[in-house]
Structure formats: C-alpha cells, structure tokens
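A, B, C and D label the chains in the order they appear, each numbered from 1.
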Amino acid sequence: MSLAGLLGLTDPAGGAALQTRLLPHRPEHAFAAGATTTNGDGFGVGWYGIGATPGVFRAVGPAWSDRNLRELAGHVASPLFLAHIRASTGTAVQQTNCHPFRHGRWLWVHNGMIRGFPQLKRELVLAVDPSLYAAIEGSADSEVMFFLALTFGLEDDPPAAVEQMVGFVEATARSHGITDPLQMTIGTSDGETVWAFRYSSEGRSRSLFYSTKLHTLRQLYPDNPVLHDLAEETRLVVSEPLGDLAGAWNEVPESSYGVVHHGHDELHPFRPRSMPAAVG
Amino acid sequence: MSLAGLLGLTDPAGGAALQTRLLPHRPEHAFAAGATTTNGDGFGVGWYGIGATPGVFRAVGPAWSDRNLRELAGHVASPLFLAHIRASTGTAVQQTNCHPFRHGRWLWVHNGMIRGFPQLKRELVLAVDPSLYAAIEGSADSEVMFFLALTFGLEDDPPAAVEQMVGFVEATARSHGITDPLQMTIGTSDGETVWAFRYSSEGRSRSLFYSTKLHTLRQLYPDNPVLHDLAEETRLVVSEPLGDLAGAWNEVPESSYGVVHHGHDELHPFRPRSMPAAVG
Amino acid sequence: MSLAGLLGLTDPAGGAALQTRLLPHRPEHAFAAGATTTNGDGFGVGWYGIGATPGVFRAVGPAWSDRNLRELAGHVASPLFLAHIRASTGTAVQQTNCHPFRHGRWLWVHNGMIRGFPQLKRELVLAVDPSLYAAIEGSADSEVMFFLALTFGLEDDPPAAVEQMVGFVEATARSHGITDPLQMTIGTSDGETVWAFRYSSEGRSRSLFYSTKLHTLRQLYPDNPVLHDLAEETRLVVSEPLGDLAGAWNEVPESSYGVVHHGHDELHPFRPRSMPAAVG
Amino acid sequence: MSLAGLLGLTDPAGGAALQTRLLPHRPEHAFAAGATTTNGDGFGVGWYGIGATPGVFRAVGPAWSDRNLRELAGHVASPLFLAHIRASTGTAVQQTNCHPFRHGRWLWVHNGMIRGFPQLKRELVLAVDPSLYAAIEGSADSEVMFFLALTFGLEDDPPAAVEQMVGFVEATARSHGITDPLQMTIGTSDGETVWAFRYSSEGRSRSLFYSTKLHTLRQLYPDNPVLHDLAEETRLVVSEPLGDLAGAWNEVPESSYGVVHHGHDELHPFRPRSMPAAVG
C-alpha cells in the first residue's frame, strides 16, 4: 500500500478522514484511528519496510497541513501501515505523545482515553515492567496502556495481554472510585498481523470498521476500476468509514476484536480479565 | 486589557471563539478575526506596550493547544491588542504567513482571501513600493494586501489607503478575467486607533461585530459583575459574537468600516476607489 | 529588568551567551544557565510579573533564531527572570523538557545531568511525593531533580531540600554502582529570592558566576554610562561570564550556593545530605 | 543508498558532518552542503524513488535532534539523494526556506549567499519567468537563485543556466555598487545526473569535495569491509570531507563544476556568463 492514501487528510473536522487510494499487487492491511471531533493535536504513521523495526513519522501539528506527511505518503510504500490523528484529552501536544507508539517490531495506536488518568497514572506506571519503564517517553494514557499491554505479554498473546491491561486499569480505577474508566479502540501489529480492539467500560465504545473482502466488492461493483487495481487481500480497519461505497464497511461489534492476517481474518469477543488493582 | 482574554481559545471549530475576560481601569480596544471553519493553521497576537513598536507573538500550530499563548495571555497586559487565528487558503503554514503583520507601529489582521491569488500575485507584488518590497517576508495574500495598503498611504489615511488597495486588487483581477476577487474583514491599528473594515467584491462579506457601549450594557445588566469591572471605554471588534449576552454585539453593516478611538467611535460606508490595474 | 537582555542570543556556540542589557530603577536579579557546547535543543525564560505565578515561555528550537523570544525580550519587563538554553543529554527535544520548570511560584533551571539516568529514573520518580507525581510532564532528569527537591521541602528551605535531593540521587546511584552521578548548576526562585547552586559528585562542577556589586563597578568604571543606568541592586548569575568588563564577574566556588535577595546576598558551602537510597 | 547515512548528524558544530554509511548494489550519488559554522536553522533531504517527482523532507529545527530524520534515514532507500543543513544568513527559519528546493524532477541545494540580497531581491525576482513566479514559496536567496537558473534553462543545459544565473546576479549587484555578491556551492539533479558547482565572485569559494572512485579506494584499502559492500559506481559530493580515510576525498577546484552520471564523471571550469543587469 502506498502511503499516498494519507494524502486526503484535508478535512480537519472529519475524524480519521483518510481518503485511501490503494495500490495493487500485495496483501495489505491498515489501521487508522481518530477521535470524533477535530483531531489537530498531532498525528503519526508507522509502516513496515526497510529495517528490522517499523518506521515511524510523527509530528505535533495538524495532519491536514503537514507537507512532510504528503511527501511520505507519495514516496513511501509498505504492505502494512498504521496511522493516527490525535485530539489531546489534556496531555501535552508533543511528538512523544503522538501515535503510533513503537516497541521493537510492535506498533500501537489508541483512540479514546482513561478517565481520571492523573489520579491513576502513578499506580499504572508502577505496574509497568521495570525493564520497560525507561522506554516510556511521553505522558499520555495511550502510551501507558501500550506499556502495560507489553508487560502483560503483548508480544506473545496480544488479545490476552490487552484483556489483562483493560482488567488492570478497570480494577485500579475502581479502587479510586472511578467508574467506566476506559474508552478505546486500539490497533496493534507486529508487521505480519493487525489486531483491532473495540471496547469501553460503559459498553458504548467508539466506532470501528473493517473493509469488506475485495472479492465481494468486485462482484458488487464489477465496473469500479479502483477495486480491480487492488491487491486481493487488501483490508482496512478505520475508526470511521471512508468514502461512500455502499457495502464497503462493516462495524466491528461492541466488545470485540478482529485479527487481520495473510490468508484469514477473525472476529472474537473481547472480555477484560480480572486483575488485582495496583497497590498504591 | 489582559491577554488573559485569549485563554478561551479551546474550541477549534468555533471560528474566532475568543472568550475574552476584560480587566478594568483603562480604555481598551481589540480586534479579532478568524475564518468560519476550523482555524488551526497558526495564530498570532499583537499588543502595544513596552517599546516603540508593538509586540507580536505568532506560531504555526493551533491556538487551542499552544501553551505559550496561555502564558502570554496570563502575563502580558495591554490597552490594545489584535489577535488572529488562521485557516490557510493554500499558502504555507509558517510564522511569516501568520497575522498580525507589522510595519513600524502598524498591525494588520485579515480574514478572507484574494481569489486567483497565484495568477495575480506577481502583478500585485510589483505594485508594492520598492522601498517596502524587501520587508515582505511571507507568501500570503493578506500580507500583500497590507503592503499595498502601506504603499497607498495606510499610515496617513487608512480608509483611503484600504479603499485604493481594494480598487487596485479588483482592477488587476478584472484584467485577468477573475470576478469577485476579494473577501475581507480587516483590522488595523497604529496603537491609538483601530480601523475595522468589512467588504467583499460580491457584496456578501464575512461577518464582523462590535461590542455595545459599556454604559448601555450596564443599564441592561445592572447585576453583572464582569461589566462593572470593565474600563468605561472598552470596545471589542470580532468576526463572530462571543458569549451569549443579548444586546452585547452589533453587526458592522455590509461594505462599511468602523473607527474605534479614545472618546469617539465612528461607522462609515466603504467604497473601493477606482484604480488602474497593474501593468503585467 | 527588560527581557531585552535576551536579544543577544545569536552565538549558538557560545553557551549561555546572553548579552544582557539592563534597564534602570528596580532591584533586579537573573539567573541564566547553559551547557558548554551548542545549546540548540530548546530554551525557556520565566519571569515574575502579572499574575499569581510566574510566566514561562519555552520552545523547542534554538534560541538564536526564535522570533517570539526576541518579541518577548523587547516587550516584557520584570524585576526577576530566569533563562535557560538546552543541550539535550539524550531525552526528547520537547517543550515539557525545556527549562524553567514551574511549580506554583517556583521556577527551576538546571545545567548538567544525572549520569545513568535511564537506570535510575524509576526509583527516583517513585520517591517523588505521590501528590506531585501527576504534575511531572516531561522526561528529563532536570525535572525529576526539581520534583525531588519539592518533595524534600524546596518551598520551605531551598538549600536543605537541594542538599537532600543530591544526597538521595547519589545514594540511589551508588546502589546501582554508578559513581559520580551528578553534575549541576541550579537556579531556583520564588520570585523574591534567587538560590544558585554549584555542585558535582566528582568535585569538578560546571562554572557559575555572579556579577560584582554595581557600586563597586561604578567606582571601577566611572565613565561607563550603562553602569549608571542600572538599578542599584542589579545582580546577574550566569553559567559563563558575559561581555569583557574586567572585574565584573566572580566565580561561585566549587560546592557552594549563593542567595540573592533584596538588600543582602550570601554565599555558603553546599553539602549533600546523607539519604537512604530508594528501594527499587 | 540508504538514507541511514544521515543518521550521523550528531555534531552540530561540525558543518555538514554526515557520517554516511553506504549500502551496496546500486550506482549511487549524493550531494550534501552545509555552511561552515553551526547549521541548526533547518535541514532537508530529497530523494528519488516512488513517484514521478522526488520526495522532499524538510524541517525547521536542527537535524541533529530530529527524530523523523532518523526514521527516514533508516527506512527510505534511494540510488540518489541530496541533503542540506542550513545556517540562515538572515531570512526566516521556515520550511519553505529549507533546501532542497524542488521543481518537477529537479532538486537544488545551495551553500553560500547573495550579499546585499535585500537590496537586490526585487530585481532578481522580477527576472524570474512569470509562469514560474507563483511557485516561489520562501524568502531565501537560494530559492531565487534556483528559479533564476530555471528561467535561464536549467532543465535543458544546467551548466549554461547556472553560469547565466551567476552572471545576472553579479551584473545586478554591480549596478547597485555591491562587489563580490556571490558565494556558492550548489548541487542540483534531475534524478539521473548530479551537477555540483563551486564558485564565488571573490574567487575564494566554500569548499567542495568528491569521493575517490571506489575501484581505487578498494586497492588502497583491500581489507576495509565497508568499501567492498558499496556499489561500484558510488559517488559522494560533500561540502566538507567525512570520516578520516586518507585518499578518499578530492577537492573540486575553485571556479569549477563536476558532473556525476552513470558510467562517467566530468570536471569542467565554471565561467559566469555576461548578462545585462535587471532593469530596476
């Protein structure tokens, strides 16, 4: 997929309004997450290509006016990328708070927040594996969620690790009297597979959509040339539908996660795992 | 007036949503201009205080997340300031394209655009007084309008200079077959007086409002403590009404300009002056 | 003192090359700290004026090309300011890592580093008072030192608190087998008094200078007009001497701290207080 | 060549201190230009790869702390790139003043300045082809030189166009009583060939070096593994020698230009072409 797809970020009020143009000949997956209001507090894109780890480009201004993003979008190709546009829920607008976050080959984007984060932050951060602690660079809740998931085994079993992370955050919030602390859609990848989670403590999660199989779309739209240029296994996961092709987008159900992988995709229920709260 | 007034820039979709808190004891004037959609492409504020020329603070990110703006707003006082939040109509997002523009003691903010500017730019810039030419630092239409107005005598007779500038831009556009080239509200000041213009070639100009005299507002709202803290001659000119105090805002009529000055304010019709087009 | 003094930041290789121009008629104190090589990784200035807390202006580019800094320097006045130019020792170049750090009325600038900070960071941060923890915004060693000093009572007894902070950092480093962990000159103020510390674990600290009393300088240079324009109690503390006026600068001795206050200045020995290491 | 070569930009005082690590298997050319003092006023890199035009990444901070540059350097590959680190000679530090400048497939980097540029700028800009005028985005002398060279036929005959540009700038300066106006090393490319110019009006030009043929270096250093990994036709052109490999760098003579192309390289004398001055 060419990052040219990001070129369409011209509508600041449009959430993750990525007008993605897909390029042919490779299995391709992507995840893009944005909040529902103006997302002008920085952005980022990660992609797998040259090098042992994914590349990450992040900046603090709005994506819609960033010239370097347009340059990258037109001149970098990758079979898998994750993009994010940020609306700060309070923490500083700085590069180290922009998504995707990276650890080794893993990328992480999050749309949502931890309510009461200033009260919970110390206990949550203390639960991060001490060997990972120094790698936390920013101050955002999303990064702490990533490092908690890494602590709970993200690299071995992503769904289990995210379920433990959520369980732990909810238990810690409960011990502070904070109800419904978590609102999240999450995308994470190791470069081969994309896991996409939709969950919130209150059961009314931000939206998450995945694209219909290309084979089906081509039958629906036999004359659409774009669809015939795309690679067979192309799959997009987005926070809001892009474009207006009826039948192209399917909602990830409440409290679920999807797995996008070469040759097979899956959809499963997501259940937070019961965890003891942090000891403050 | 304390720049604390700018602290309220938290609603990116709200145009020039300045929630101005006025401070007492001095005659105070202000002009704030913004476009009607998301204004996240930089901002600026100019103020008169220490020094022979006004201070100008400009930055390229959105005003709503700029910490230095909050600091200045809380720690700089001035009897007269001009503020602007920018939505680029195509030119680069850079400090030298942010308003206010400054020349000597003069500040200039503009809300609108010159249509067909890329085609007209060379001829317009050539008409700028050669002695002023090197002081043009940015690439925006608004700055060229300022330097044309300076060329036509802004420092001596602001209304006449702006009327000539508009006449010249319209004549030049006409010679290129561009109709209705100008859309503008403009605020300019020498530190003593604020001139505020509302005009567009098509006669459907962006909005411009001025605040009701404080004496009248106090009679309307005898129990409102904020109004009683304000200086007697406080006057605001804004692109969109702030707050929801009925009776507080009055629209500047189509094709008009206002003059805000110590002791007297004026409202006059605005008529572009017939000018020969630039010779290409 | 006018911040115009900062206008001279044009020599990026010159450490804290502030060519300070002092303005008359008020007791004035200032502290400026920089590292010895190129300091182009952000800068900041804090000043006491309008408002209950000091103003802070910080940016991530080099001070020498920052236009807003020049504007502030020419348009903001204060009897007391602290300025800093940063050379990152590894942590991110971002506003929240720029000095001065602020807490209430307190400002803090630091020149130096904690060696082995990535290994020590978790234990040091854990020792910060939990009620202060959420106010840590950046990732730099200097900010952690500030919050440790606050934890140890900076607001009540600054020298004792800084001596405890140093003792604690050294004990924690020792428990990790890190020798000579601290290199520091520090300036801190509550708006009335400036405390300036010079210390390093190895006893070879970065330089720190204070200006000679104006009364003495005027006797040395009876014809220097600048000296006669200055306020009687003007005092500067800088990491490197400014200008070339012989007799103007006096080195703060190794392992010492100075106190600059209205009417009296002091110089004392600095001795780290024995503290137990953090329990990892 | 991988942009990983740019990863070494850690010494801000080291001019164009690119510690280039070359990667194997393709003919590779590069040009890097920097001024002689601290180059912290922005940087840029252009490369030829995906897409009809080269990619350009430019930013306003110092290259040495730019994380996105490190990411690109590690994750973008190209057979030909141009890099530049900037020390402003007065014009604004903004993206549109950063090199490389681009027009179609052409890139342009310049090290040096036009003396008296503020006085000459209007006349020089007027001589730019009106159809190109609107594409000038910045305010720097280097960009005006590029657009003058384009006006004089850069795309057809680069050496002739640059010689005319220089002749024109010198004639215009002469008419203003400015002697020795030009100081320049220039690199320009269409993606196939690199032209590198060294010239100054006063005959004491900034340095320019090209790397020795790999075949020769391998005979000199038969045991150096890096040299054996490189592509046969690898060639670097730099403003200052990189590394300390004796015999690796050759100075481009005063008033000369080199041509680096697949299969053959050339070195020629550079002679400004007599041009009439601009009519002011």
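Convention: contacts are C-beta pairs under 8 Å (C-beta built on N, C-alpha and C of every residue); 3 or more make two chains touch, one makes a residue touch a chain.
Please read these numbers as outputs of a predicted model, since none were measured by experiment.
Novice: Have a look at where chain B meets chain C and say same if over half of the interface residue numbers show up on both copies, different if under half do.
Specialist: same
Novice: Which integer distance in Å separates the CA centroid of chain A from that of chain C?
Specialist: The mean C-alpha positions of chain A and chain C differ by 41 Å.
Novice: Give the residues of chain A that touch two or more other chains, as numbers and ranges in rising order.
Specialist: As it turns out, chain A has residues touching two or more other chains at 67, 92, 95.
Novice: By the document's touch definition, which label belongs to this structure's chain graph: line, ring, star, complete, or other?
Specialist: It is complete, because no pair of chains fails to touch.
Novice: Could you pull out which chain A residues touch chain B in their complex?
Specialist: So the residues of chain A touching chain B come out as 12-13, 37-38, 40-41, 60-62, 64-65, 67, 88, 92-93.
Novice: What residues on chain C touch chain A, complex-wise?
Specialist: Spelled out, the residues of chain C in touch with chain A are 91-92, 94-96, 118-119, 121-122, 126, 130, 133-134, 136-139, 280.
Novice: Which stretch or stretches of chain A touch chain D in the complex?
Specialist: 2, 47, 49-51, 54-59, 67-68, 71-72, 74-77, 95
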